[in-house]
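Each of the next two complexes has chain A plus one more chain, namely chain B in the first and chain C in the second.
Moving on to the complex of A and B:
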């Protein structure tokens, strides 16, 4: 398999933004191309990750539309969708296009414009990713499923409301220093505890926002990346894993472990030839606070039931033993669904290049991991990236 | 790059069907797995091609949903969308997953359920693939664009209404012998000429129907295909090309040639190490009759302006020099958009195996090509397949 590099990265601010879907995608993509130092090099492929641009923004056929706007015609262009992990899956598709030898360069754009429809409509669009037979038609929502998981984790491992609140508090602490984050203000345990209940025991501050935003990566083969003006800034893709779980939560073996993460992480570590002990920094999918704890255990950086003590002890803070979501995670950076997976890789690449925003740089970061969730816990992609 | 084989194929009938989106996908996929003789071999990946299952059928997150239904969990599952060429792009994604070494086997499912919404709604969903800025907001539709192309071709090359009618007449002649075709009855030049005008000069019989249906392929690496009970029936993927053109028709260099087909075909022929002269059979995208003529010229099997004389002389019939759409094409086989590209590969594989329906088998077929169009002429995938 040929080596693949992240040669350039770009990202818009995440939030409720006035720019259109296409404008956001363009901004991030132009920045990724410029950042790569590969200006003038032919872009062979475009891969776009977006969950539902037709429904959220009324825009169809996004692959060709963006190929045209980005000036990469006649590059083959593809849109990839796996629910909220669409951006990660787009990255994987671009990765195999280069790894196989079908392309030398591939531009990946993850984007979503969620605020153009009202909140009720957005919820109905997102609900289509759930199992209708088993969940949606009984009123099941992603937040309701996350609440079930949180209750079970509390029962099994003694997690308290105050413990759980430490997760969004850390997210906001990091987001406050990230100029691209949706939320850039700190919060307290009390504020999380006292915010309104979304699905008991989860409150508003346990849940990520719906956001607009885009992120982009320029991937390149080994011969192509050598043409960059600063090829030593390129980050190598060491491992990619992708796995599914049963669609409906009730059909799974466990509420407090997500097997698709376990399987995807195992595949990515095996491919990279490293273990979770070697990691310096992680970006995990924390659309709900409880998920960050479960992700940590499923990826292997925390033993079962021990994630919360690591959060309590500050081990996952920026200066801690294994920083998790140093740029704010989905909770504070925001969650424009199709963009999230690409933003996670953007953020890890920036860390490995030593270019994180002030106060968020992890010291001597050489190996990073991203983990993203599609559906409610059933379509996961894990990537492992290494310094150049 | 590793070799990739089409180890098994499956397909439902196309038409206005009572089965659900998921049921259609299941039926085709189970047949492809059974057909491969690889029963019991682990399926590493699932790639689903579908244009807009959320809008046509109200079903989201199709990749995980089908991974669960097909019993392939924890296989990584991805949905791919490039408008009406979604099935071909899904095939390409599965191809590079195996070619790169990321997977040994991959199940490809192309599916669309278009009849669950009324015709007006279906038209509005399809219209999202057009350029809103340049076409849709002025009332431009795919049929209107095809009419422009037909007018120009008539002007440049002397095509007559009677000539053009020969294309759907041939499509229906073949479809009448294909038990899986949407339309299974013959038509005449007079019937085409006298059917109602959709966009002058195109009549109803120049236009493909909107259909329901699914097709599936089980792709396998060289080591995996050897485990099949009848591995000599496997068909090798020799070439894959994928290219875009400008989104809006008015921005292109020509009305009577589609550059994305030219580019995709060039890439596929180069990869396969063959030329258009070596082809024995083709499946081309004829959503509108005029497109078959243009596709023939863009792929290279006809000189510019000469496609119609080949149709007139019967050279593209089943017994002709280079049979085109022997199973009816989009016009008669039908066009469930996400399924079409997969069905084209299904049909070529069946031809190369010598297993085409009675009266449709091309003699000594050893090399076949598929060409599919996404958007209106702007996202093309070409594949070249060879006998085992």
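Moving on to the complex of A and C:
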């Protein structure tokens, strides 16, 4: 397999934004191409990750539309959809195209515009990723499923409500310093505990928002990246893993571990030839506070039931032993579903380049991991990136 | 509201022995190359594996919505709706009976 590099990165702010789906995608993509310094190089492929642009924004045939708008025609263009892990899956497809030798360069765009429809409509669109037969027709929502998981985790491991609240508090502490984050203000344990209950035991502040936004990456082969004026800033893709779990939660073998993460992480570590002990920084899919703890245990940076003690001791803070979600995670950075996986890779690449926003840079970060969840816990992509 | 207890339709894999509700033709644990799944039905009783009370349910539902994941005695787990009047008497481990309501959705209530 050939080496693949993240040669350039771009990202819009996440939040409730005025810009259209296409405008967001364009902004992130132009930034990624300019950032790479590969201005004269032909882009061979475009891969777009988006969960549901037809329903959220009324836009179809997005890959061709963006190939045209980005001026990369006749580059082959593809849209990839795996729910909220669509962005990472698009990245995986682009990675394979270059690793296999089918392309020298590929532009990856993750995008979602979720605020153009009202909240009820957005919830209906998101709910389509769940099992209608076993979950949605019972009133099951992603938050309800996360609440079922949280209740069981609390029962099995003694996690308390106050401790769980430390997770969104950390997310907002980091988000407050990230100029691209949806939420840029700090919160307290009391505020999390006292906010409206969504699905007991989870409150509003345990849940990530729905957001608008886009992120983009220009991937390049080794010969292509050498032509970049900024090739010394390129980050190498060391490992990619991708795995599924059963569609409905009721068919899974565990409630407190997500096997798709375990499998995807194992594959990514094996490809990269590193272990979880070698990691310097992680971006994990904390769509709900409880998931950050489970993600930590599933990728292997925390023993079972012990993730919360690491959060409590500050080990996952920006200055801690293994920083988790230094840019705010889904909770504070926001969650435009198709954009999230690409944003996670963007943020790790920026960390490895030593260019994170003030107060968020992890010291001598050389190896980073992203973990992106599709569906409710059933279509996971894990990537491992290293300094070139 | 009173519902008649029914046996719950399921399928059992003749390879791995897993029981799945509702019934399927391909075992989700063994794949299409495995032996067939055979129809079976389960006693409508079990215990609460985990539960939640939705205070902000989706459109078409009225808060509070009680949801419980019930581990049936026959081996499968099923997500069921509960009754709001029971929401304070449910815990992990609570023994429940399971019914099918007129909308063909499974419901539980404490025994």
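Everything below uses one rule, namely that the second predicted complex is superposed on the first by the 388 of 388 C-alpha atoms of A that agree within 3 Å, B and C clash if a C-alpha of one lies under 4 Å from a C-alpha of the other, contacts with A are read in each partner's own complex, and residues count from 1 in each chain.
Methods note: a residue touches a chain if its C-beta (ideal position, glycine included) is under 8 Å from a C-beta of that chain, and two chains touch if they have at least 3 such contacts.
Everything numeric in this text was worked out from a predicted model, so none of it was measured.
Q: Would you check which partner chain A:117 touches, where first means chain B only, second means chain C only, and both and neither mean what they say?
A: neither
Q: So, does A:155 touch the first partner chain B, the second partner chain C, both, or neither?
A: second
Q: Would you check which partner chain A:375 touches, where first means chain B only, second means chain C only, and both and neither mean what they say?
A: So A:375 only meets chain B here.
Q: Report for A:58: first if it touches chain B alone, second if chain C alone, otherwise both or neither.
A: The answer is first: A:58 touches chain B but not chain C.
Q: Quick one: chain B or chain C, who's touching more of chain A?
A: Between chain B and chain C, B touches the greater number of residues in chain A.
Q: For A:246, is the partner it touches chain B (first), chain C (second), both, or none of the two (neither)?
A: It touches chain B and chain C both.
Q: Name the contact category of A:99: first (chain B only), second (chain C only), both, or neither.
A: first
Q: Figure out whether A:143 sits in contact with chain B (first) or chain C (second), or with both, or with neither.
A: second
Q: So, does A:306 touch the first partner chain B, the second partner chain C, both, or neither?
A: neither
Q: So, does A:189 touch the first partner chain B, the second partner chain C, both, or neither?
A: It touches nothing on chain B or chain C.
Q: Can you list the residues of chain A that touch chain B in one structure and chain C in the other?
A: 246, 248, 251
Q: List the residues on chain C that touch chain A in their complex, please.
A: Those in contact with chain A are residues 20-22, 28, 49-59, 61, 65, 67, 69, 76-81, 92, 105-106.
Q: Show me the residue ranges of chain A that touch chain C in the complex, using the header's touch definition.
A: Against chain C, chain A makes touches at 120, 123-124, 127, 133-141, 143-144, 147-149, 151-152, 155, 196-202, 246, 248-251, 255.
Q: Could you list, by residue number, the parts of chain B that touch chain A in their complex?
A: Residues of chain B touching chain A: 1-2, 45-46, 52, 54-55, 58-61, 63-65, 67-68, 72-83, 89, 92-93, 96-97, 99-102, 125, 127-132, 240-248, 251, 259-260, 263-264, 374-375, 378-379, 381.
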